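Look for chain A in each of the two complexes below; its partner is chain B in the first and chain C in the second.
Up next, the complex of A and B:
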């Protein structure tokens, strides 16, 4: 199709482009501009401070570093377990039987809940005094496993990560099911003829064929993990002692509690760069295992 | 152009994040946009019923004015009120927290100066100082709150206990309660507990009211004795089992339940929780006390107060006169009295008579030597968070010295 000859076709792109410009490009460019200022987000005036915000962030902000480390811990935990569980469940639920369709819907159900509802449910489950988790452990005579799940700074971030995995595994499962169902059956027949075992079938047929789905799942999970603001804010507000503070909650706190919009903008720009770098690395690593299309 | 785009994007970001933190703005008593409708925004969902009554009464007395009340969760209110107030269409009458929020709103020029309004005389002069800045009365705090432990008088009487006047006696009191099978102190460590209980815990360790100004000027440090000692005393309470089990995982509602069910004898927050406790257990008799962390001779302060829920008029409002009328109405003794008695909150308005048992029994604190809540005098939100986190840190197992050092590092990054 020759777009030069059909210029009117560009008009179809216009609504989307306008919305994208207003709601993404303009705020992003503004964030970049404000990251070089000391704007408090309210006052009409501000000063340009050059790269001072970035220097402070990189050299003299222990909380930013802590939030970044927490984010990496959270992301790795969620990435590993969410991908693993969604893939395993998808492999069990690949056939379109009535039971499997019901189970897929059941596993997908948490995804349609609001984050605040999920946070409320899990805060109750984790409550150290009357929560379901400690009660179940007590009933099973496993009292030694009881924990202060959200109050112990060594495990709080992982407790929230478990909630995140529960929240989104069903969503990723659907992507994997679609990927698995698209694998031609004859590839498995060839593998059988070659005498491949279960692991070899997975390693040399299934995984390379679902690598595009895995790329989407892992990239999406990574981005989701970095942006798990609502869940963390509703469950712990970043505490205790910054142990569940992640970059998104820190940026919120800097902007809307400390009213340092300029500094929060600098944090946002670095945050965006971090997500972009990690996503690009993932795409490159996963591309290596993909079947050439 | 850039400024306009910035405003649009800031508003969009604010709205987006406001959505994220959950809880939509609450309830409306009339439709938006009506002529003569003023918007009243605040954060106290628990006061909805009494404000509905007061608004109806006001609208009867002033038929040309309707009041549209919107209630936000307090966390959301603290973070987004300033943005909401900017264009003047929302929050003709608004409320503000004292301290950093007042300073920020003042800096943005959003307070109408109320200094010359007649209704200012309705208030006890010494109790509305937290609403003053630059020599002007920018807002009038309606509530008087005591941010110190609430205790179960029945349990104390049963065990022959009296509020302690020094640290040794306070520890002995806690030990007696523990031995009797009670949790001495219900401490909501996962939310408001550290920020509330730090006030009475530090008031006599750092009797100087300028201590946080000195901290921000680099003239005081969290590694100094006053804060390390406060942290050590928090640790002592926790290590001796005087705080409830898993305090850092306990929220305010759970702590209130522990006191209402008489499992715990004290609640480490403040008088604002008394109504909730009484609602769950109408038979319970409550009082206020403060831990004296020094010897009796060294103690300068008896307790902590905060004058808050500050009523203000938006400088950008197009209906300032109607807004002032509503504030004047709320400031009338009769209406303030209704507000006080139905919400179980002390108020700053003169000549109010309290009819509930818990308000009358705690009214003596109005005349006692209490100190304005130190936490509200921390001018920087990052430093406030660092101070609170250091308490969580010691309760999590760190030494007071180490926790204080880590918090001081954050203070220095914010100087």
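Up next, the complex of A and C:
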């Protein structure tokens, strides 16, 4: 009965479903299959090696571990600063005045640029010889703070994280503005009557009310920071000495520079698992914090 | 408190404005001039870099490729995704939910997870170094998020409208065209803008599938300028300006739609 009623609707699914099956479902399943082989991507033959790739990755691959740690560093930095800045600026610019609307549009502007363009702009800012940042520091007589921002292994990943924050804060700000504007005014009136200070107003009215927006912002930010492939690839290609390599860029270079398709596929499967786990943890944590309110 | 607020707001505004002005100024400078004054005004607004990028590089070709790939990808993603969104919201029982989940699963999987088998597949189909290959992959990859946004909107269309049309003997196709699509225009517009930005700026798929100059899109071409020009920032930034111009011009006129569209599409990350 259901099927008969749905019959003509199945035709609607068809064109999209065919493409989606060929170019998404099949490759995704294949990634899993490749991950159990030692295929190099070129030769017609390969061996099935079972879980050997996974064992190697988890127990004996310092570069994979480094990329994973970099990913976490990058994510935490971006998560903290992007959420903080976008929330603070959203609170500053909450009213729909002409100036505020202009400023929101200005802050949002970097979002429409391509990652490659943003990468070039920030490579110029960070350039050790004629970069904007170092010359500004020098003008301010702060020469001792000058750095090779993208060449110093210890700080390169954070330099790119700053770029990422610049890139997407304006986007997250919009989500917070929508959340803040939806808070009923009378809640603040009640808080004022009870004599609540600035902090209490935030803690007991604003924060619980924008928790849903915060969940969304933090979820997007996390996923974005795991997918920052374009930006990192265009800024450093993962170097120097793997210091800015994240999982996404490592998978690319394992597959298309070292031609270890099987091994790189195992990396992708683990990458997928990491993303799934982080997403679940994040939703749990944020849900728990909301229940407490 | 007020003072701190103003300082922060202005500081962030400057952090966006200053680099952008520096980029524009740099395109009118020679490399030597950049060295001597990074933030200064160019000595004159000479357009040598703009001329040389079009004369010495197949910039017009790259630009056209980007236009073709983006246009076809956006139009067909919207068409297929709106058909699917309509079907899954209209289907009776669990079957609609199953298809909806199947399609939206695609949003959760980062592109790097299946890029290796995808590369192999595109290669086997003879679609590397072809704009068609890029378009087909683009459609398949962005359909999930478009379905997600559109079906969210279509669910809010009152069922009674469809019931009335059905009683008048309307077919599903007519209801899709005469009711669902016209009523979904705001979300179609938002999705279209999100897709435009996404496809126009995409680097990964051209990087995977395209090696010949004839088929390169702007982001890939820019990336390769980096190898050719190293720290010749005037040339790099001239490329940046040309690659960004269409989006920036559109943003100036359609700001509200950009903000709505990109925010809706943020799910994709």
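FYI, the second predicted complex is superposed on the first by the 261 of 293 C-alpha atoms of A that agree within 3 Å, B and C clash if a C-alpha of one lies under 4 Å from a C-alpha of the other, contacts with A are read in each partner's own complex, and residues count from 1 in each chain.
Quick note on the criterion: contacts are C-beta pairs under 8 Å (C-beta built on N, C-alpha and C of every residue); 3 or more make two chains touch, one makes a residue touch a chain.
The model shown is predicted, which means the values in this text are computed figures rather than measured ones.
In the superposition on chain A, A:152 contacts chain B only, with no contact to chain C.
Look at A:34: by the touch rule set out above, it reaches both chain B and chain C. If you count the residues of chain A touched by chain B and by chain C, you find the higher number for C. In the superposed pair of complexes, A:26 makes contact with chain B and with chain C alike. By the touch criterion stated above, A:116 is placed in contact with chain B and with chain C alike. Touch criterion not met for A:188: it reaches neither chain B nor chain C. Once the two complexes are laid over each other on the shared chain, residue contacts for A:229 go to chain B and to chain C alike.
Contacts of A:204 after superposition on the shared chain: neither chain B nor chain C is touched. In the superposition on chain A, A:130 makes contact with both chain B and chain C.
Touch criterion met: A:43 reaches chain B, while chain C stays clear of it. 22-23, 26-27, 30, 34, 41, 114-116, 127, 129-130, 229-230, 233-234, 252, 255-256, 261 are the residues of chain A that lie in the contact sets of both chain B and chain C, per the superposition on chain A.
Taken together, the chain A residues at the contact with chain C in this complex read 2-3, 5-6, 8-10, 12-13, 15-17, 19-20, 22-24, 26-28, 30-31, 34, 41, 85, 88-89, 92-93, 103-117, 120-122, 124-125, 127, 129-132, 135, 166, 169-171, 174-175, 178, 216, 220, 223-224, 226-227, 229-230, 233-234, 247-248, 251-252, 255-256, 261, 264-265, 268-269, 271-272, 275-276, 279.
The touching residues of chain A, when paired with chain B in their complex, are 22-23, 26-27, 30, 33-34, 40-43, 56, 60-63, 114-116, 123, 126-130, 148-153, 229-230, 233-234, 236-237, 239-242, 252-259, 261.
Across the complex, chain B meets chain A through its residues 2, 5-6, 8-10, 12-14, 17, 20-23, 75, 78-80, 82-83, 86, 104-105, 107-108, 189-191, 244-251, 254, 380-382, 385, 389-390, 392-393, 395-396, 409-410, 413. On the chain C side of its complex with chain A, the touching residues are 5, 8-9, 12-13, 15-20, 22-23, 26, 34-35, 38-39, 79-81, 83-84, 86-88, 90-93, 95-96, 99, 103, 106, 108-121, 136-137, 139-141, 143-144, 147, 171-173, 176, 197, 200-201, 203-204, 207-208, 218-219, 222-223, 226, 231, 233, 236-237, 239-240, 243-244, 247-248, 251, 255, 258-259, 262-263, 266-267, 269.
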